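There are two complexes below, and they share subunit A, which is joined by subunit B in the first and by subunit C in the second.
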Partner chain A sequence: MEEKKEYKKISYWTVVWSQFSKNTIALWGLGAIILLLLQAIYVPLIALDVPFYYSIDGKTEYPFLMELFNQNRFENSIDIFFNTFMILSPLFLISFFVMRKMKIAVSKILISLCVVLFAVSFFMSMDSVNTKKMYVNYKEIVASAIKDGRQADALFPVIQYSYREMDSTAQNPQPPSSLHLLGTDAEGRDVFARMLYGTRISMTIGVVAVSIYMLIGIILGAVAGYFGGSADLWISRIIEVVICFPTFFLILTLAAFIEKRTVFHVMILIGIVSWTGVARLVRGEFLRQRGMDYVQAAIALGISRVKIIFSHILPNAMGPILVSATFGVASAILTESSLSFLGLGDTTAPSWGGILNIGRQQGKLWLILAPGFAIFFVVSVFNLVGEAIRDAMDPRLRQ
Partner chain B sequence: MRKDSLPEKILTYLAFIILFIFMIIMLVQFDKIERRQINLEMQLKDLEVKIGEIASAPIAYSVAENVEKNPLTPSRKYLHPEVKNFLSDETFKLRIPETQVGGILNRWMPSDPKSFNTIVSNDGTLNAYVGTYVNSEAFATRSYSNPDIWVKGLAERIEITDDFKEYTIYLKKGVKWHRPVVDWQSGRYDWLKGDHELTAKDVKFTVDLIKNPQVECPHLRNYYEDLDYVKIIDDYTVVFRWKKKTYNSLSFTVGFSPIPEFIYGYDEDGKPFEKSVFGLRFNNHWYNMKPIGCGPYEFVSYVQGASLKLKRFEQYYGEKPAINEINYQIFPDQKQNLLKIKSKDLDFGVLYPTDYREEILKGDPSSPFKNGNILNNTYDEMVYTYWGWNMENSIFKDRKVRWAMSHALRLDYMLETIFLNLGQRITGPNYIKSPGYNKDLPLVTFDLDKAAKLLDEAGWRDTDNDGIRDRIHDGKKQNFEFTMLTTSGSPEWSAAQNIYKEDLMKIGVKMNISEVDWAVMQKRIEDKDFDAMGGAWGTPWESDPYQIWHSSQASIPKSSNHISYRNPEVDEVIEELRETFDPEKRAVLYRKFHKLIYDDQPYTFIFTRKRCAVWWNNLHRVTFNIIRPHDDSRPWYFDLKNVSSNVNPN
Partner chain C sequence: MLAYIAKRILWMFPTFFAISLIIFLILNLAPGKPGGTLAGGGEGQEASGSNRESYRIFKSQFNLDKPVLFNTRYALSDREVEKCLRNFANESGKTPMKEVIKAQELLEDYGQYSIPALIRIVNKEDLSSKMMRVTLETLLQNAQRYPINAYAGRLDEKTKQLNDEIDLENNELRSYACSPDASKEVQAEAVSKWNAWYERTKGRFEYSPLQKISIFFCDTRFFKYWENLIKFDFGVSHIDKQPVMGKILSKLQYSLCLSVPSVILAYIISVPLGVFSAVKQNTLFDRACAVVLFMLYSLPSFFVATILLYFFSQGGDYVKIFPTGGFQDPNSEYMTVLQQIADVLWHLVLPLICMTYGSFASLSRYARTGMLDVIRSDYVRTARAKGLSEFTVVVKHAMRNGMIPIITLLGTLLPVIIGGSVIIEYIFGIPGMGQLSITSIYNRDYNMIMGIQLISAILVLIGILISDIMYAIVDPRISFK
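On to the complex of A and B.
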């Protein structure tokens, strides 16, 4: 057995994965992240005020699919994005596995083509294709039909409320009940539904904000570390200047001056002020790698600089970047929650921080505990996974 | 590079030095010229005043029917004894037989005043909390029981000409200013020693300050623009002469409150300020962080962000209030009122709406709010809230659209569930308790069908089937989409707007909400850069609608008519109001004005705000006034003998 193993080709990432999978807590954490992602994608199946089908006097309609893309129902483009993804994700999975089976280099191209096509079609649909429709209250239609004595039937998702539908049938805010699992807020919106939709906001913020600052940080850090000299001097000074600003207060100040804040503003804000850490990390890593033989060899072979930077050095420097990205997601989610808590987030988005803020103002326990726990859970899960990746990459800790 | 030789270097340096010296000389010269100019301007102004006095037309005084044969102070000579005293003899009894003297009242103050100088600072907090007690004593004040009449304050008699242009004011004798609170031991302030009496000099001094362009008081100067001159007749008599007959002149003359010259006219060492820079020095006067006046309470101590202590002024000219000391606790978070009143750190506090619901509307029977230990009451504030529709925006130009907007507001529901009935619905801009409020107008109903119908009539239809109404405007398709501008930080208002937004969605109108910082909002309003905005106006008892509603204000930048409302009919009424002094006629005009505004719906009027006040049951005779200051504590007193508990709150 052991002899066989010696011949097996073991890549760096396989080693990391085997180390990672020894950490039980981290595996649970990874599972939780995947679950959260799935939940974020498939919320409309759990909570929405649109029936899968409804029939009145034998006439059946299926409004669910079309309503998923109704911009009058889902204000945030994040929601539309996730809904589109929800419909297309099975296709993606199938194509991905089929292409892996085929084991051809074309698969990579095809996958990236698919992604590009998806993105293009999504943004096309946002602008040119009219997906707006009149706001229809299906529950009222069904209820009034039943009241009129007509034969009516409808199948709603488990939770019959969307994140913005207002239940004005009782005195708001309602305490938790079987109808509203976590009660409602002052406007009468179901808090549980808002929590579920809040996952989408948090996940997107985490991933996109981190991607933005990773991009800035990697490029600047790579340039500084590879070229050195005056480029290094200037970029290091810029890093030092930006690092001096207290990040959160800078975001607060900037956010206060954006009048129509959306989630994207928050992402960009987080992205443009927190790239310094990554830039320094990448710069250090590049300084170290640049002197190594393989880089010298590549230079001697006359390979272009861009190629050396991005396809030779960067993959070798990827380890610490990945770790800091994982921690970055957690901290970005936390920053967004803090912003929303202070009332400087997107007011239309059902953000966890926003719900927490409403809970504080209302003095309602369920409005504080639920988002508080959700934020705690997501942040610690990301931190756990980040820590496990770091440990798995550390050769000294290798078991 | 060429290297400069030594002499060349020296020459360059010398040139620089000479240039520098020239610049300094120039600066000094400019300063001198400026000072001279200011001095000249002042002299010119004094001359103008003198010319005005000489040239002023003969003045007609109407003779009162029952001439006061024996004036209050027989020793005093009145210039026009035949004229009826403008001030009412009514007095407000602060003390009743049961009143017990003593005690310390702990109250709440939301923020630190930027300055205690009432001329320089236009700070609501200062006026509301400190002014009433210390430095807002005026010639006369509106009666709490009937705000249409004025009762005597610092003045015992005011004579007004028939054209309401000249006011002769007779000050009470023996009105003492408070003693300044300074370090007496150091000897530096010996020049302040002794009692100082209020005289006509102080009045003239204050008017001069307000008219001085160097003094930072644009909020006041505006109103005194038409004041021609102020003339001192003797130590206790002063004449105000106005250029025009305007109704504003009445409240700004009769309600004038002077500041003490003996302290504000001098620097810290007792030297009078130089005339040319007087206003500038006054803006940063050394006594600005302490209040001084001649009110019923005098200043004791102030700790920034913590407390402000006042004690009763024993030499006060009027009836002295019963409570010995007033101790303000300063903290910005209104929510803390609840904890502090429960722990008895505060005797009197104001509750936040959510606390009002939890403690008073719901609260369990054993809580101090329910068992009678802490009493509560709600009182109306002279503040109304509104959503204004910018008429520069082509959407809101149409009256039908504005009516539709008003009909789409589910106000009764909001008032009940969100605002917990802490408000009273209104139909127009006049204060609901004033005689000018038109009670015949019905409240706007919540009716989405009607709103939709009105929008249909106005030409807004959903032609492209995208769920949002549209129309062809100037050859272009226009969607009915607008942004509501509000300040962030109020959970109640943000909830109300969210509900409104959803209701509008149902009739095919898309509303975006933009919550911004107050500073940003102010700027946007000043620039008239908004579609719709949520705001509030604090109204005086009789407001001059000119500022907010006259069309001449619509085109002025930074004016209060930020929605650019223009209606010639309304203008006429406003102009007439400005020259009408008869209360009956004014009420009729006000009601007509109210009706016209209601028909146009430039604002969607929401409600007048109510506040919930709570106080411990050993505080008695807690009354609330229908005009500001609503919670004047002067008639209140503490039950010092038996501190009772478990009293039925009713």
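On to the complex of A and C.
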């Protein structure tokens, strides 16, 4: 009788995950990142000056859904994107499980869902679809109805302020109160709402800026490392040149030169100046991997170069890239908040650095502490997770 | 080793050239104008008057009227010039103001290169009176030559003579001017005068192939910038016309006062800390240290600076002991030398804290890992086996090798030491390099920005070289063969 041996499939990432999950603090960190992301997506449910429904004299209206795409209420396209995501997220969850049942690979599902998301949010932010509706103050409508003695009822989110809404009764910075949990800023805007919406800015900056420079770095590094020779020589020279740029100063200069700065400009700027580290890392990994047997086998099988680079070698080089990406998110968030702190960020966006800058100018403690600790928290959480991944992948530290 | 260093230094030149080219292109192709509002050519301003003329002089002074990288204006076609003229003349009255100003500026920038085309246009039959007037005005403006070396103190005889000739010709040209509401006959007379003048000076506007090549490469902003750079001249500031190099040197002392003590402090604190936590690995001390340092590493320095200012400065509401900012007391002239030193030190306490804490967090981790690498090696065990005291083993044997990575880091710190920290200097109002950088960015002082970027690029280049060399000196196992 032939003995059938059952081998449990243990992939590299399973090992890394089992190492990672032994680190309790890192798990908390990962949880915090997920919570932050969820918070970024679902802020309008927590803080917005639009009621889910309101009824005056028995006539009920549901303005919430439409107002999510009103560019007069959300002037940033980032917000439109996140709002789209928020609306579509239940659909996405359902379709994810349906497609999973149909045995479609996870990566393919994610990519297709991302494409759908981007397409829809782009469609939503188009001017022809998104007519800029009047800024309606629902709170006033309801309040005046009650004042007139009519029967009125409304259900607002927990925090009844949006990040742009200026409270006319609190034009000077107000200290925290039961009305404004973290007080208001110089223009009477609720700081807590601004902080919550600021998560969106920070998260997108981190993720998008890092994706941009990962893309540049991986492509250049892979080409240099895989092909070697003159390609390697030229790309290495380019890296040497770009490394010498005073990165932060260059970002500052370019940001100051752009007249109508948006958050996207800041992301692109961070992305195009800080790819050198990744490129060197990827180049080194590819130099190491391309001599290995499995690459030789792939070449012998006649697999195309692009496929070898991206689906054979790259997954094996992904570990160090992932670590550097996690640290990169932290440093991109720091860079963006420094820029906003110097007044060179997107001045319309509720960026944490911008709030801190106002706090410094006004000398108000609640305007300093709230954004400062938020930046500190997010940066340290990302650093923590990055470090934990690095330790989990280090074979010397394996238990 | 020497050959390696020589090779590295030689490689630095093309690298530096590429860096300067990229930064130059970025700055010059960026939207907006240099000098910002101070240059007096801001958008929306009326396109005439002395303001206009001063901006023209400003442009020619800083070579801003030249193309950025390549000059093809020797072959300027009539069509291009005519298009500009039409936009400038705004015959239909529908051209947006922005286009008009753009056309006017382009015409100014074309300068002498536009003369042949202008002469040909002015002789056209079907020119409207408005076009005629604009063309004549442009001709008058562009035909006049600038005297050579107008700003130099002393000129030799030959240049003087040449300048006199130029003056004479300019005077003559000015007499060709006709008033804006001149009749057709007066204009026709002016045209014939221009034709006669052009007949005489035609040779000046015909270029030989060699001349064309030299114009193509040399009559450009980038070439003119490099012409000065070769002489270590970074030009003068667009704002106050002071030499860039002098301004940077005068700001350097303030930044050095802050960064040198900060680096020394960081090393003094972080090396023992790192060594100690490596020796006591996995003890409570080591873990506590790691946690605290990790938190410090993630704390944004602008947040800490703001908090410190809020709680410990005279501008805040709590412990009013430290000054709110600046490098020294405004009344420091009346103090004795000792008092002055104490005053400066007192001003530097808060910025020093902010500048130091972040770097010693990362430095001591380097020290710890460096130490951990050697502490288990055989030679350390041998030293212990010989019966040496723990102190001798750690300090004399292990530390020598364990500190190699942290020493070589010094080289890469060079740009930080000299360049200072933009954010800290901005918050504490210290008039150093960082402050200079940010004000030059706000003022769009291109030469200053360029100078600072290039100097920091040079410092990075030198810093990398130094750390590589130090690596080889400290660790004889490394060779560059």
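Going forward, the second predicted complex is superposed on the first by the 366 of 399 C-alpha atoms of A that agree within 3 Å, B and C clash if a C-alpha of one lies under 4 Å from a C-alpha of the other, contacts with A are read in each partner's own complex, and residues count from 1 in each chain.
Keep this in mind: contacts are C-beta pairs under 8 Å (C-beta built on N, C-alpha and C of every residue); 3 or more make two chains touch, one makes a residue touch a chain.
Being a predicted model, the structure only gives us computed values, none of them experimental.
**Student:** Here subunit A is shared; do subunit B and subunit C fit on it together or clash?
**Tutor:** Subunit B/subunit C on subunit A - steric clash.
**Student:** On the A-aligned overlay, A:F97 touches which partner chain: subunit B = first, subunit C = second, or both, or neither?
**Tutor:** After superposition on chain A, A:F97 lies in contact with neither partner.
**Student:** Quick one: classify A:E187 as touching subunit B (first), subunit C (second), both or neither.
**Tutor:** A:E187 sits against subunit B, while subunit C stays out of touch.
**Student:** Using the touch definition from the top, say if A:W17 reaches subunit B (first), subunit C (second), both or neither.
**Tutor:** Neither partner.
**Student:** Would you sort A:Y53 into first (subunit B), second (subunit C), both or neither based on which partner it touches?
**Tutor:** neither
**Student:** Compare subunit B and subunit C by how many residues of subunit A each one touches, and report the one with more.
**Tutor:** C
**Student:** Once the shared chain is lined up, is A:S338 touching subunit B (first), subunit C (second), both, or neither of them?
**Tutor:** Touch partner of A:S338: subunit C, not subunit B.
**Student:** Does subunit B (first) or subunit C (second) touch A:Q362, or do both, or does neither?
**Tutor:** first
**Student:** Go through the superposed model and pick first if A:E259 touches only subunit B, second if only subunit C, both, or neither.
**Tutor:** both
**Student:** Looking at the overlay, which bit of subunit C runs into subunit B, 19-27, 37-45 or 469-477?
**Tutor:** 37-45
**Student:** Across the two complexes, find the residues of subunit A that touch subunit B and also touch subunit C.
**Tutor:** 256-257, 259, 363
**Student:** What residues of subunit B sit close enough to touch subunit A in their complex?
**Tutor:** Residues 354-355, 358, 413, 417-418, 462, 464-468, 483, 488-489, 491-492, 494-495, 498-499, 502, 505-506, 508, 510, 512-517, 520, 524.
**Student:** In the complex of these two chains, what residues of subunit C are touching subunit A?
**Tutor:** Residues 15-16, 18-19, 22-23, 26-27, 30-32, 294-295, 297-300, 302-303, 306-307, 309-310, 315-316, 415, 419, 422-423, 426-427, 437-438, 441-442, 444, 449, 452-453, 456-457, 460-461, 464.
**Student:** Which residues of subunit A touch subunit C in the complex?
**Tutor:** Where subunit A meets subunit C, its residues are 237, 240-241, 243-246, 248-250, 252-254, 256-259, 330, 334, 337-338, 341-342, 353, 356, 359-360, 363, 365, 368-369, 371-372, 375-376, 379-380, 383-384, 387.
**Student:** For subunit A, which residues count as touching subunit B in their complex?
**Tutor:** Residues 70, 72, 130, 132-135, 137, 164-166, 168, 171-172, 185-187, 189, 256-257, 259-260, 343-344, 347-348, 358, 361-363.
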